[in-house]
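Below, chain A partners chain B and then partners chain C, in two separate complexes.
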Partner chain A sequence: MLIELQPRKEPNRLMLYLTPVIAVLATMLAGGILFTLIGHDGFGAVREIFITPLFDPHKWQDLGIKAAPLILIAVGLAIGFRANVWNIGAEGQYVVGGLAGTGIALATWGMEGWWILPLMCMVGALGGALYAAIPAFLKTRLQVNEILSSLMLTYVSIQLLYYLMRGPWKDPDGFNFPQSRLFTDSQLLPEIIPGTIVHLGVPLAFVIAIAAWFVLTKSVFGFQIRVVGAAPAAARYGGFSAKRTIWAAMLIGGAFAGLAGIFEAAGPFGQMVPQFPTGYGFTAIIVAFLGRLHPIGIILAGIILAVSYVGGEIAQTSLGLPNAAAGIFQAMMLFFLLATDILVKYRLVLGPSTKTGEAA
Partner chain B sequence: MSKNQEFRIELREITKVFPGVIANDQVSFKIRPGQIHALLGENGAGKSTLVKMIYGIMQPDEGQILWEGKTVSVTSPKAARKMGVGMVFQHFSLFEAMTVLENIALGMDASISQSELESKIREVMDVYGLKLDPHRIVSTLSVGERQRIEIVRALLLEPKLLIMDEPTSVLTPQEVTQLFQSLRTLSATGCSILYISHKLHEIKELCEEATILRGGKVVGECDPRKETSKSMAEMMIGANLKQISRAADRKFGAMKYVVNGLTQPGEGDFGVALDDINFAVRSGEIFGIAGVAGNGQNELLLALSGELPVGDGKTILLDDMPIGDLGTLQRREAGLCAVPEERNGHGAVLDFSLTDNAILTARNRMGLANKGIVSNGNAVAYADQVISSFAVKTTGPGSRAGSLSGGNLQKYIVGREIMQQPEVLIVSQPTWGVDAGAAAAIHQALVDLAANGSAIIVISQDLDELLSICDGMAVINEGRLSKTLKVGEVSIDEIGLLMGGVHGDPFATAEMSEAVHAH
Partner chain C sequence: MTTTILISIIMTVVGASTPILLAALGELVVEKSGVLNLGLEGMMLIGAVVGFAVTSITGQPLLGIIAAALAATASSLLFGYLTLTLTANQVATGLALTIFGIGLSSLMGEPYVGKTVEVFGSWFPDSLAEHPFLRIIFGYSPIVYFSLIMILVVSYFLKKTRAGLILRAVGESDLSAHSIGYSVIGVRYAAVAFGGAMAGIAGCYYSLVLTPLWSEELTAGRGWIALALVVFAAWRPSRLLLGAYLFGAVMTLELHAKAAGFSFIAPELLAAMPYLATIAVLALISLHRSGGTAAPACLTKPFKPTA
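What follows is the complex of A and B.
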């Protein structure tokens, strides 16, 4: 008896929605076993990482502020992924967006006015978009693979951050610590719920995701993104330019990541610091796929990954697990998702291979 | 010699079931040594599945295969070759950048030295009259020559049964004649041949016996030499053939679509450059472009439809308006629609619904999108209209394009373009891989569109198709287009010579085309 994969006639709709759930459950199971084997309380870790944050109302605000950047970045990336544009350098665009907005904050330091914060956000988005324009240009002009160029530019952006923190943008009153000045009230995102850390960026991320859902499903532009991704030749036949689509997808992905960057700087951080890159740009790739590249799915997936971030912190203090534990769970989630995705197009069949042999 | 051994191969009640469809239902037939046996049927009748089982690519669910009187189980193509079965596929598997000899050496199960192989190849070519230079690079060969490589490759194994899958669909009439001579020589040596085709006149000319498949079942056996093409066609489709109805006194209007000196470099290493292409089509006229595959048809379609715009706008005129430098979107607005050769992923997106496939090309002309927002209601209505007008068999506009059969999808694509009422319609291979019923419907729709005053350009490798629906035609060979020929006055032989009967020798081709034009 052999297990065999048989192609399905139509992709299975149920599996399409079920595999993310299966992936999360498989992650919990495999992660629990793995951590037990290396001598920790494995299933305790699963409980702390995946369950505790959901049932502790004090942690809900943490979930919100962690989910927001993930959702925002993932929605931008999903637009690209649907068009087969593989921008995996969102982390770099997030950093440059944060830096660009910080630049405005430092230039307007000491000033007051309602216009400062919107300007910071706009420049932040613009900075992310411009940083994503580099791989877009290389891809459309020189056929440079955007996976490599966007990824490598991430490390360039981090060096840029370190340089600015240690040099030109160092806080003159900061006892020589490598960090920027603290943003002023005109430069910080206001709290939405008084007494919590939930800032304006959180509801905005949800609103932007829902707006993206509308654009992707109802507009000709959304149609263009889907056609270019599904069948480039048909897209050209239908009058859609592949190059323009690459540009649009990269710029939108970069702008959303940049916006997430300045939301973080003007929100939870309140200044620019060398610890600014926290890996949201990479985790957002998992969020995008776990959410099936669908803005509504991404909202749910963003919350799940936020749970794993918050839960990872809880597990650090309560069980003494290393910080990397949450990262391991997140990576396993992507692994299991990609592995179970095969069930959407294939069915598992038990039987001798000679009976069901398929044409090569 | 036992009684059974009078047959080389015998199939007994072979059944093969795929999810949702019975590909072969209790199929039985026998082939004697040296016999040329035709397997006849429409696309989707189950011919390919059946030969794949004989060649060991698939195994039957039920039934037996008897080889020279003994029950065998053919588990792989290698086992089939060992038994003595050779196969020449419709699509070749050759490396373009390697020589003929290298390609053949790569496909051999046994390893022998190059020089030994070369002498064997030359021997086989001598015996069967197959002309081929073992040291030529494959990319420089015509399709007919490439097919000869595959035949030589099969013959080197001294097969007792040679399976040929649709071998003539890519050949010129002259190449077909040569192929038939080789096959007759082969059958005279005692090798059986299983010849798969839906071209009836070829089967009448070549085969001694025919098994006719329809919907996976054997619906008849006959001696093709004693049947008419019409009687075999009716057995094949199980119904009476419809004749295309066309007004005899067709009148053409003003010049609709004019191409002046279209020259484009080929894409990539193996693309074909277009060289000074000129032709003009009038309102109400159907203009055909014949040619063997790979002579620039794809490049021509892309340039004519606007997928690859031409630098100078005046190269292509639509109703005297220069459109050469416009893309597909603007050309569609100007009234030009097109149907590419490839349905899957070019003419349609298989993963999309029929509604979304309507939006792909009809969104502006038919108001399926307004100010950048898709109107789903209009799109569903238009898709529904195409489905009902062209009798597309599907569960509805929401079904995935990939779930339709080839013929039905083609009807949908052609219908989607025709119902936009274009001034000019360009169609490539309108009935490629389409059953006779659907082909007749598509031909009738093209004729009707022309009767309403549109100009139509049909690019096709199927000469019968062009001769039956076109008013004028030209032949494309190595990126150059012949002068316009009048259908009804030109003979098949002349067209065949233009198609590259002297392929590979540009001078001879040029001379030949002058000779044809001169008379």
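What follows is the complex of A and C.
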């Protein structure tokens, strides 16, 4: 008796939506075992990381502000991933977006006006898009692999941040600390729920995700993205330009990451600091996959990953779990999701194995 | 005096080049078999932390290196299981492996933050290893000589041996290799495991030789540079050697510029140089390569034998 894999003619839709749930549950189980094995309270960790944040109303605002950038970046990345454009430098585009918006904030420092904040956000998105244009140009003109170029640019962007913080953009009244001036009221995202830290960027991220879903499923552009990714030959035959798709996917991904960057700078941070890159750009890759590259799925996945971030912080104080624990749980989710993908692509059949070439 | 400086410069370049050379050499074999493992950075970090921990506990760097190779191999087999057996997307799985390696290494390394081990230095007697001139030949960690031997071994293996030919066949045309009876998946598993071992040794070079002091993410993206190096080398081991030493020179620019007192260049620009250079090199080689790339034909394509 062997389990045999029979390719499905079409991806199984039930499995497509069920596997992310299986992946999260498997992560809780395997993560609990793993952390117990290395000498921690494994299932206590699972409870604190995945359950506690959901049932503690004080933590809901944290979930919102953590989920917003993840969702925003992941929606942009998902558009690219669908078209087989592997922009994994969103972290760099997030940093450059934040820096570009900060540039406007510093240039308008001391001024007042309703126009300052929208301008900062627009320039932030533009900064992210321009930074993503570099790998897009290199890919379309010189066939340079966008995975490597976008990732290299992430490291470059962090050095740019350090340079600006230590040098030209250092707060002149900041006792020589490497950080920018504090943004003023005209430059900060307003709180939308008084008394909480939930800023305007949070609902905007959700609105943008839903708008993206609409564009992806209902427009010619969305169709083009899906065709170029799924059937490049058919796309060429249909007259869809692969290069234009690469450009569009990279620019949208960069713009969304840049927007997330300026939302963070003008929101939770309230200034620019060297600790600005927090890994959202990388975690958003997990969010995109866990959400099945679908904006609605991404909203759910973004909330799950936000839970793991907030829960990781809770577990740090309540169980003394290291900071890295949440990252391990997050990577495990992606592993399990990719592993269970086989249930989407293949049908498992129990039966005597016929002649097989591989012990696969 | 100037020769002394020159010798120090050459030795730091060799030092910086060795880990990316080892990691890239492993990845080259993996890619030759038709698999792209983007988890290099994660596997290197796992090797770095395991090598450091075992060396710190046992006081035996050799045991540390072996443990590092084994641990990174185990993580590469996890990648292999997902991508080869379960035919998961190689790009996504490699990224997951890197994120996992970053998390696991900081978790395992937590008790060791700030701790040091003795540098795993040259095995030659001090009269040679510390000699003002001869140290340029004898003054390196054994891992450096190992990396050079491995270049020869891999070159010979790929060009002259039957097994190497099979590996290349699997990477160029998996279906043909399968139809004449070779185990495509088996060959790929072996290649992935080799890549893991090399990445593990490369990783513990950072924690045992270059900076024998544990700090989180001490490989600082060098795994990604190693991936770019494979492209630069056009999948040829001999060009890998040249490329690794060129990259090593760029990576140590920051140190040399500081030592020479160049203060008019921002240190941040120098720190960004290896990454900018990598992009520039990737762009330049595609300018010079008319037509198709030298990449193995089956790279990133999953293989599922039809039963």
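Please note the rule applied: the second predicted complex is superposed on the first by the 349 of 360 C-alpha atoms of A that agree within 3 Å, B and C clash if a C-alpha of one lies under 4 Å from a C-alpha of the other, contacts with A are read in each partner's own complex, and residues count from 1 in each chain.
Rule of thumb we're sticking to: a contact is a pair of C-beta atoms (placed from the backbone, for glycine too) under 8 Å apart; a residue touches a chain by one contact, two chains touch by 3 or more.
Note that the coordinates shown come from a computational prediction; the quantities given were computed from them, not determined experimentally.
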Chain B versus chain C as contact partner of A:234, first or second or both or neither: first
Which superposed partner A:330 touches (first chain B, second chain C, both, neither): second
Which superposed partner A:58 touches (first chain B, second chain C, both, neither): neither
First, second, both or neither for A:13, with chain B first and chain C second: neither
Chain A residues touched - chain C or chain B, whichever exceeds: C
Contact residues common to both interfaces of chain A (with chain B and with chain C): 354-355, 357-360
Chain A partner contacts - residues on chain B that touch it in the complex: 19-20, 52, 57-59, 61, 75, 305, 307, 327-329, 332, 338, 340, 342, 345-352, 356, 359-361, 363, 369, 372-374, 400, 403
Residue ranges of chain A touching chain B (in the complex, touch as defined): 6, 8-11, 218-223, 226-227, 230-231, 233-234, 236-239, 241, 354-355, 357-360
Chain C - residues contacting chain A, complex: 38, 78, 82, 84-89, 91-93, 95-97, 99-100, 102-108, 110, 178, 183-186, 216, 220-221, 224-225, 227-228, 231, 266, 268-269, 271-272, 275-276, 278-279, 282-283, 286-287, 293, 304-305, 307
Interfacial residue positions of chain A with respect to chain C in the complex: 4-5, 7, 38, 86, 88, 134, 138, 142-145, 147-149, 151-153, 155-156, 159-160, 162-163, 166-167, 282-283, 285-286, 289, 322-328, 330-332, 334-335, 338-339, 341-342, 345, 353-360
